[in-house]
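Look at the two complexes coming up: chain A is in both, with chain B in one and chain C in the other.
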Partner chain A sequence: MIAAAVAAPSTLAGGANVIAVGVLLAEFGMFRQALLRDQVRLYAAQSALLSALAIVVAATRHLPELYALAGLSFALKAVIVPVVVRRLLRGIGADGGDPRWSDIAGSHTLGIASTVLIAIAVAAFGFFTVAALGIASPVLPATALSISIAVILVAFVLMIVRQDVVSQAIGFLSLENGVSLTALVVAAGLPLILEIAFLFDLLVVAVVFGLLIRVHHGRAESMSTADLTSLRG
Partner chain B sequence: MQGRTGPRILQPYYDLAKLFRKEALAPEGSSWVFLAAPVAAMVCYLTVPLLIPVLTTFGLPLGYMGDILGGGFILSLASFLVAVAALDTGSPYAQLGASRAKTFGAITEPVVLFVVFTVALVTGTDLPYALAATVRSSAGQIIRPAHLLAAAALFMVILYETGRIPVETHTGTNEFGMIEEARPFEHSGPYFALLKWGSAMKQLILYTILLNVFVAPWGLASSAGIVPVLLAIAALIGKAALLGVVVSVIDNSFAKLRLFKITEFAAAAFLLAVLGVFTLYLGGG
Partner chain C sequence: MHVILILLLALPVGAALICVRAPMPAARAVTALCGAACFGLVIALVPAAAHGDISYLRLLRVDALSAVFMLATGFLYGAVAVYSVGYLSSGSGHDYLGPRYARRFWVGLNLFAWAMLAAPMMSNLALLWVAIEVTTVISALLVAIEDTDGAAEAAWKYVLLASTGLALALLATIFAYYAGAHVLGEHYDLGFTQLLAAAPRLPRTAVQLAFVLAVLGYGTKTGLVPVHTWLPDAHSEAPTPVSALLSGSLLAVSFYAILRFYQVASAALGPRFPRDVLLVFGVASLLLAMLYLFGQRDIKRLLAYSSVEHMGILAIGVSFGAPAALAGVLLHVLGHAAAKGNAFMGAGVLVRKLGSKRITSIRGGLDLLPWSGPLFLLALFALGAMPPFGLFRSEFEIVTGGLGSGSYAAAAILIVGVTVAFFGLAGSLTRVLLLPPPDRGGTALVRGEPSGWMVVPVAAGALALLLLGVHPPAELTDLFGRAVALLGGRMS
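And now, the complex of A and B:
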């Protein structure tokens, strides 16, 4: 044996880390999804993973109010927000009705492989920055914190690279998932009322985005933001 | 599967027996390399099992001679020899396959490297026996994200290396999307049989690495007695058959990727492997 092996974390910490990695992988998966409804579905899955993580933390750290938070965030983020977004999309024929809008393939400014490589580099930056800060959390291992920062940064990449309004909205919503993950790691004992206030903010965000999507679609007759780059006199 | 009755389970062996009885033809102008390559590749495939835990938890006499990288080098030497033989024929089709196999091999190589890094960080060494022993040691070692990510990345590489569905169709006849399967086009008779047998052996070797090193290193013999070894043989066959079922479900539920989309597949595998190393570097993975 030459170098010291990296010791394995406890089973629970390992499980929590696996769920956090799942959240990050869902974020990467959004690059691959070409269909709008698949993207919304992936967002719902990501939110469900986050709720599962909250339950794990609640069970291991004996924070009973986190159970309520997990249930509420599952109801809002994995059920209500995706339903609202899909409703809004159906309203403008984006979801299945009109084949022209059911597919957003071609909204990539880069190829998927290059996008993923860029996102890996950005995520690496997030990982090692947080590692350099040396924050130790009593609730979750440091890996989960770095992963949450990586989720936020990758969500930015998604919003920058994709050129359609729905992807950008989903990117923003999943960015909020990254922030929730950070909150879960750093401040799991945050008062419940604050968390709930954030969650309802999210509902407002979803409605505002829906409104913006509809206005944009009404004006530009397309979901692409490429039309917005040229000025109109 | 596919609503059809398949051939008998021993059909590949009947094919081999038939091919061994046929005469061998070499294309005009090809050199001794063309005939030597199948034999040399077969030798490579026979060497690798000495280095990996196939049936026993302890190393075979030469088991510590090479690590995972050593085994990987021998496997890629075999693949290189087959590619050289394909180039030697002068047949455009075999050359196309050889060139593609080498190109995509260069893309999947970083994934393998990062998987080896993960193993090295987890165990402090990169001997396959050491990782298998580490995985057996506790549940915490199985559920840690680095291990799961590395195993998933290796599985994707194996799908590529054995020419399975998201990358190429395994059972097709002539088609343009072929990579690995196009290389032995000009070989015939016993040489072709050796190549076919070699690729089947390569598949079993890769399955063994995935199963006995990463996913399920249980059921190996811990002593050299006849009974534990027989049990280990049965366990290996059972595990490999299970993995084969998983692979054939994947075979039947996905479409083949377009040739230029294979980079996306490789990028996904690379992502998994890199994340494994990242989580390890933070100490908690």
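And now, the complex of A and C:
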């Protein structure tokens, strides 16, 4: 019954692969962005790519509800969440208003070049491991699945090497984008109501991240996680 | 029965809404009443759940397994709601930490309990994930509520690690959907019943991937080693009533999600693979937590590591797979909720009385606290699986099941781990209770309880532990029997 739903697998696979590579490149781009504003922009661009993928999947596999998902996902992830994140951070100078806190370039534990090399290695690991698992079906663009897992792993690297709360939060949001990419590739038929529940949940998480970043900034007077070391053992 | 499900979803939200506006005494009364009412409603649900599934609108579905975890949450919600009345007042009628704090606390407490009651009621894996994610965001705000440096640090680590873990759990859910779509077609909604019915035909690799990701992802919130690192921080920095809920209820609810994936995985792959995965995580949790119990300086951190240990015991118990062990695991969930709730609430009284969380500064518990001191000692014995309390019965069943199913090595590790952990816990906490009170240069502390509200729920918890240990009610045994059958064991 699944095979019957396939209209043009080559278009789907091609489109999905191109967009998945775009998402992965956006993820790599976050490594070199030093300003929060630019990171949020990249996140918005990455989310917009995901919405484009939803449209491609909707058109090629005749799943009309994915058009609705594409619209909703664009509104939420490419517009509302970035706006909410920036508004929550406005008062504390993290959006570029105050030069002391807008620049988070020093928050790498490693240099950008080494970080990117590590990320490439991790991405390759994810890519080939998933390919070796041999999860395949006629409607599944297997390459896009492997790339989506690579995106998730690179997001982990981003969260690990960055030492400021904002980059960690953006890292998490882009991790969630990687999961959404996987969902579009392997679970395109997931009922719309559940997708909406996931999206709504993401909004709540983004708000809570923003609130806790404010709390952290209020206590520590900085975005750095360097002083989050009192609880151990 | 449907009415009960709807009431359980509506009452805590209603209570939270009332707490947003109402004057403080009303907020206190509403929360305490709502907690008690929810516990009563869950108990009323038990006989029905022991004999069949209750579902409503294809979204809600309560079977015996969900009912066990709802009992744990319902009990702790009631206990903690009453305890918080005392916790938030400083004894002279004023609100501890101010009225704004109190209002946020009451609203958050009700919403937190609501999300944890809702999670086991969900009929499909996707809504289950949403409910558990909601518990994360609400509890992260509750961890941060005391607005100290420690609380801000703990809340940040907690929300980041737990959300990341849950992103992996979402990935697990997506692979479960992918597996199901192979058999059931694109338009099914991840319902447990459908997925279980189709289990033997699901593609194996996808189910394996989904199960491992689910254990890792939900395991982050359950506190399984090595993804437990947020747990001691959050438990020690949260307000004590929230710590009790986190430990006794939130960890269990996340474990419930793992059990749902376990059901599907063992039906699809045979029991061997999922049991081996759980055994590895369980043994790691038990052994590491056992070592961390020695040399802790913070009393709530100590109890947090004890929670990691008990979650390890649950995972090991499921990995045995024998009916006795599975029944023991379910009893352990209830016993741990009552015992750890009591331990945290007792520790909260000690901390309030002596003004410090440092174990070396807390002395003379039995001398200073006529009720809470002895009750804390009982909670300690219960956590160490001493008879006649519920955890003795449950761990006995788990070990019996393990020996019966031929897992001698794991059963031996379990016995040694539990014993060593008890010494670690007892070594620190008996000093807290038995050594003479600190000499404060003439201003000696007066013997007496800070608040009666903080004693009553602990006494109720001790009675519950005794009941579970000496003679579990017949309805509860029926419930366990049915839940064990759901988990793949056969009750004789």
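One rule holds in what follows: the second predicted complex is superposed on the first by the 213 of 233 C-alpha atoms of A that agree within 3 Å, B and C clash if a C-alpha of one lies under 4 Å from a C-alpha of the other, contacts with A are read in each partner's own complex, and residues count from 1 in each chain.
Everything that follows uses one rule, which is that a contact is a pair of C-beta atoms (placed from the backbone, for glycine too) under 8 Å apart; a residue touches a chain by one contact, two chains touch by 3 or more.
As the structure is a prediction and not an experimental result, all values here were calculated from the model.
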When the two structures are overlaid on chain A, which partner does A:Ala113 contact: first (chain B), second (chain C), both, or neither? first
Is A:Leu53 touching the first partner chain B, the second partner chain C, both, or neither of them? neither
Given the touch rule stated above, what does A:Arg32 touch, chain B (first), chain C (second), both, or neither? first
Based on the superposed arrangement, let me know which partner A:Phe127 touches: chain B (first), chain C (second), both, or neither? first
Using the touch definition from the top, say if A:Ile170 reaches chain B (first), chain C (second), both or neither. neither
Where does A:Ala78 make contact in the superposed view: on chain B (first), on chain C (second), on both, or on neither? neither
Quick one: classify A:Ile152 as touching chain B (first), chain C (second), both or neither. second
Taking the contacts chain A makes with chain B in one complex and with chain C in the other, which residues are shared? 1-2, 5
Would you pull the chain B residues touching chain A in the complex into a rising list? 120-125, 134, 138-141, 143-146, 148-149, 263-264, 266-268, 270-272, 274-275, 278-285
Chain A residues touching chain B - in the complex, by the definition given at the top: 1-6, 8-11, 13-15, 17-18, 20-21, 24-25, 28, 32, 111-113, 116-117, 120, 123-124, 127-128, 130-131, 141-144, 146-147
Complex interface listing, chain A residues touching chain C: 1-2, 5, 63, 133-135, 137, 152, 156, 159, 165, 168-169, 172, 175-176, 179, 182-183, 186-191, 193-194, 197-198, 201, 204-205, 208-209, 211-212, 215-216, 218-220, 225, 228, 230-231, 233
In the complex formed with chain A, which residues of chain C make contact? 124, 126-127, 130, 133-134, 137, 140-141, 144, 147-150, 152-157, 159-160, 163-164, 167, 170-171, 174-175, 177-178, 181-182, 185-187, 189-190, 203, 205-206, 209, 232-233, 236-237, 292, 295-297, 301
